[in-house]
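Worksheet: one structure, shown below.
Think of it as A, B and C in the order they're written, each chain with its own count starting at 1.
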Amino acid sequence: MSYLELQNVSKHFGRLAALDQLDLKVEKGEILGIVGPNGSGKTTLINLISGYFKPTKGQVFFENKRICCQRPDQITKKGIVRTFQSNVLFPGGTVVENLLISSHLNYNTRSWHSFFNTKKWKEDNEQAVGRAIELVNLLDLLNDIFLQADGLSHGYQRLLGIAMALTANPHVLLLDEPTTGMNHEEAMFVVDKIKKINEQGVTIILIEHNMKVLLGVATRVACLSFGTKIADGMPEDVMNHPEVVEAYLGTEVV
Amino acid sequence: MMQFFKTIHLMDYKNIVPKLVIGLVVAAIVLLPVVTKDVVILSMLIFSGLWAVAAMGFTLVLRTGQFSLGQSAFMAIGGYTCAILTVQMDFPFWPSFLLSGIISGLVAFLLGVVVLRVGGIYFSIITLALGEIVRIIALNWESVTRGSRGLVTSSPLPISIFGWELANFDASPVPYFYFMLCLVAITGVVFWRIGDSRLGQIFAGVALNPELAEHQGIHLMKYRIIAFTIAGVFTGYAGALYTHFLTVITPMVFGLWQSIQAMIMSIVGGISSLVGGPIIGGVLLYGLGDRLSRLQTPGLSQMVFGATVVLVLICLPKGTGLVELWDKFWKKVVWREVEYEHDEMED
Amino acid sequence: MPPAGIWIDGLAQSCTYMTMAFGMVLVFSILGILNWAHGQFYMLGSILLYYAITAAGIPFPAGLLLAGLGMALLGIIVKVVIIDRVEGELYVGAATLALIFFFEGLASLLFGMQDRGLSMVLPGVLEMGGLSVSYQKVAVIVFTLVVMVVMYYVLHFTRMGKAIRAVSQNPDAASLYGISVERLSLVVMGIGCALAAMAGGIMAPVYPVNPFIGRAPMIMALLAIVIGGLGSLSGAIVGGLILGFLHSVIAYYLSYLAEVVLFVLVIIILLVKPQGLFGASIK
């Protein structure tokens, strides 16, 4: 069995099938791109894997264990972390505060240590702050970590969202359209960071509307249309796949 | 040495002076019984202190993003537990008092497990209804609560050390006053530490963006329940002490109004501070209500109270309570500082 | 099986809860806030009607309309003067909660704390095959039916009503109808408060009137909203219906425990169906 595997997964909202009997395999260490027109079920897929929705039918396996029907925080603890498309940060906090709140899984001491401000807690906190700064550097996220997070530009907010996901020490990172609303240059900047993260051994599932972004980064691409998978393979092959071209016809022909 | 004073003079005096003033006010309150043993003043302070504890409980729950309208229900549960144990079952005061908070916390925990899963307005509605339910049970469970006649409690036995009487609860309100100060101080310290610690940080995450927090591995329910339970425990203690100071508990003592009052104290006092805001709100609003209820005109006091609160809410800018006025007072009135906020605008 | 009178009582109760819950959900769906002082509009409606009949000698139906109009105006004033001026959902909630104090205080000041009755209105009993129902309760039931039909018509067949339904689903949709959300929220606040006031007025002959009669219907209407699911208008109606019937039927067997049983029941429903029976999930 693969590293992360979806078997025959369906998700219905009333009569509408957002995902219909989908099978998907993800191998360790790859960057899997998921493309598809709007409403093809890409984000539903992420919501299912991360536990935000429960599948109507089917199973999700991670490292040979069933993970569906668990709460999002339990799935995060197993090492599958996601980002959101919008709504990416804790409003009202600074960059470092955002990173520290989301570093929940990085703290080893229990709450009462911090209540009494013990030495162990101070060390632990320093470590978490160190890790946060490390991530800020990894993603070139601006040097000033004391800026108000919701005052950052759109692109930096998205990057901060990725940094926050990384604080949970993911084995698999689910990125939900990290480059929407960016120009090509900015998108390439983010793609570059995604490659960097992947080099550290993190498996990445990258949802993307724009196929051009995926070309340089994905090792494999799957295309969804109306909740079903219509193509799966090397990026170039998927792009020239007749069904994919048809699905994209009129929107963004490659 | 010279250098040391210079640094203090330049850097910190703006920080230290307000704190010194707060310290002096606290010291004055602690030493107040030396100056006056006036029952009216002391009991006003005792009641407002206990309401401040209830308001702190509200603020703590609000820190996790939930709007609890059941603070007086927990005061009633604490009060009735203590009264039933001492009056109906002849328990000594101190163990009963200890139990009252625990029982109240237990109810909060059980209710929280069920209701906090949904949260939001549903939570507010259910906690509001809980207050009415507690009142109805207290009114009708005659064999235990004696219905509308209520339970008349006796004061705790005098505390004496080596034959020297340290505190006689029957003789004057002073021991109650210090008892209240201890409760407020303990609650204040616990809540301050919670707000400052990792727990406070997690609460902020849970309140500000629950979805994101959950996907970062934070178990929302766990932290909401922790906050609600802790608030329940301390509010229960406040209720028990309230009952014993009042010497009677009837179903009318804690009701819908009182819940709303605790909430309003917290919000008007300022929710940015877990301890200061509720205390300021509790003292000022209880004082106001107490003054107004002396007017002897039915309804006038509630009307003026409600109008005052609405006016305060309209006049204070968003997200601030009276506690923020303290900082503003020092910055604008005392130091006459110029606003520096233009820098941010240019970004 | 409880006697038929209990069921009729239940129906009359349901009518109040339905009208109250309906108005609250209507206001919530447009303004996005719960008007916690809704029960006080019910109470003020009763009192206004009381004065209209006893002091001014206005006939009952006209007095009912007058109470509705008066409270609609008051609701709009509250919306403009308080709700619009206070920023932040939390603070608006606190302000409407403080209004409970204000209105109850005002009523006690002007009306007095004692119970007063309007039982002389609509005297007599309707005999229906061995079943006798007082005209007062018949009036409650007929009135609620009329209100529901009118509201259904307004919401489905008028431009304003269609806009209201559209906005409650998607706040941006109002512009499609060329109606500003601002005007719509004023109208809705007026309708909601008028409904509460008229519910209070129609119940005034059945129960005694005093400044505190608004609390119980408000709490029950809130529980009805929990049952029906916040944001669902049909849910509010069904929730009110269920609660009213259960209330009188359980009270028949268990007297005062009825409220406690209902509370537990609502919590169980919340456990099983967290978004209410009608599942209109507004997150």
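Quick notes on this structure:
Keep this in mind: a residue touches a chain if its C-beta (ideal position, glycine included) is under 8 Å from a C-beta of that chain, and two chains touch if they have at least 3 such contacts.
None of these values were measured; they are calculated from a predicted model.
The busiest chain interface, judged by C-beta pairs in contact, is B-C.
Distance from subunit C peaks, on a Cα-centroid basis, for A.
Comparing chain C-alpha centroids with the centroid of the full set of protein C-alpha atoms picks out B as the closest.
The distance from the centre of subunit A to the centre of subunit B, with each centre set as the mean of the Cα atoms, comes to 42 Å. A separation of 46 Å divides the Cα centre of subunit A from that of subunit C.
The centroid of the Cα atoms in subunit B and the matching centroid in subunit C are 33 Å apart.
Of all residues in subunit B, only 193-194, 197-199, 201-202, 204-205, 208-209, 211-220, 347 touch subunit A in the complex they form. Subunit C makes touch with subunit B in their complex at residues 34, 82, 85-88, 90-91, 93-95, 97-110, 112-113, 211, 215, 219, 222-223, 225-226, 230, 256-257, 259-260, 263, 266-267, 270-271, 274-275.
In the complex of the two chains, the subunit B residues touching subunit C come out as 62, 67, 69, 114-115, 117-118, 121-122, 124-126, 128-130, 132-133, 136-137, 139-140, 256-257, 260, 263-264, 267-268, 271, 297-307, 309-310, 313-314, 317-319.
Residues 50, 52, 71-73, 76-77, 81-82, 84, 87-93, 97, 100-102, 104-105, 107, 109, 111, 113-117, 121, 125, 151, 164-165, 167-168 of subunit A touch subunit B in their complex.
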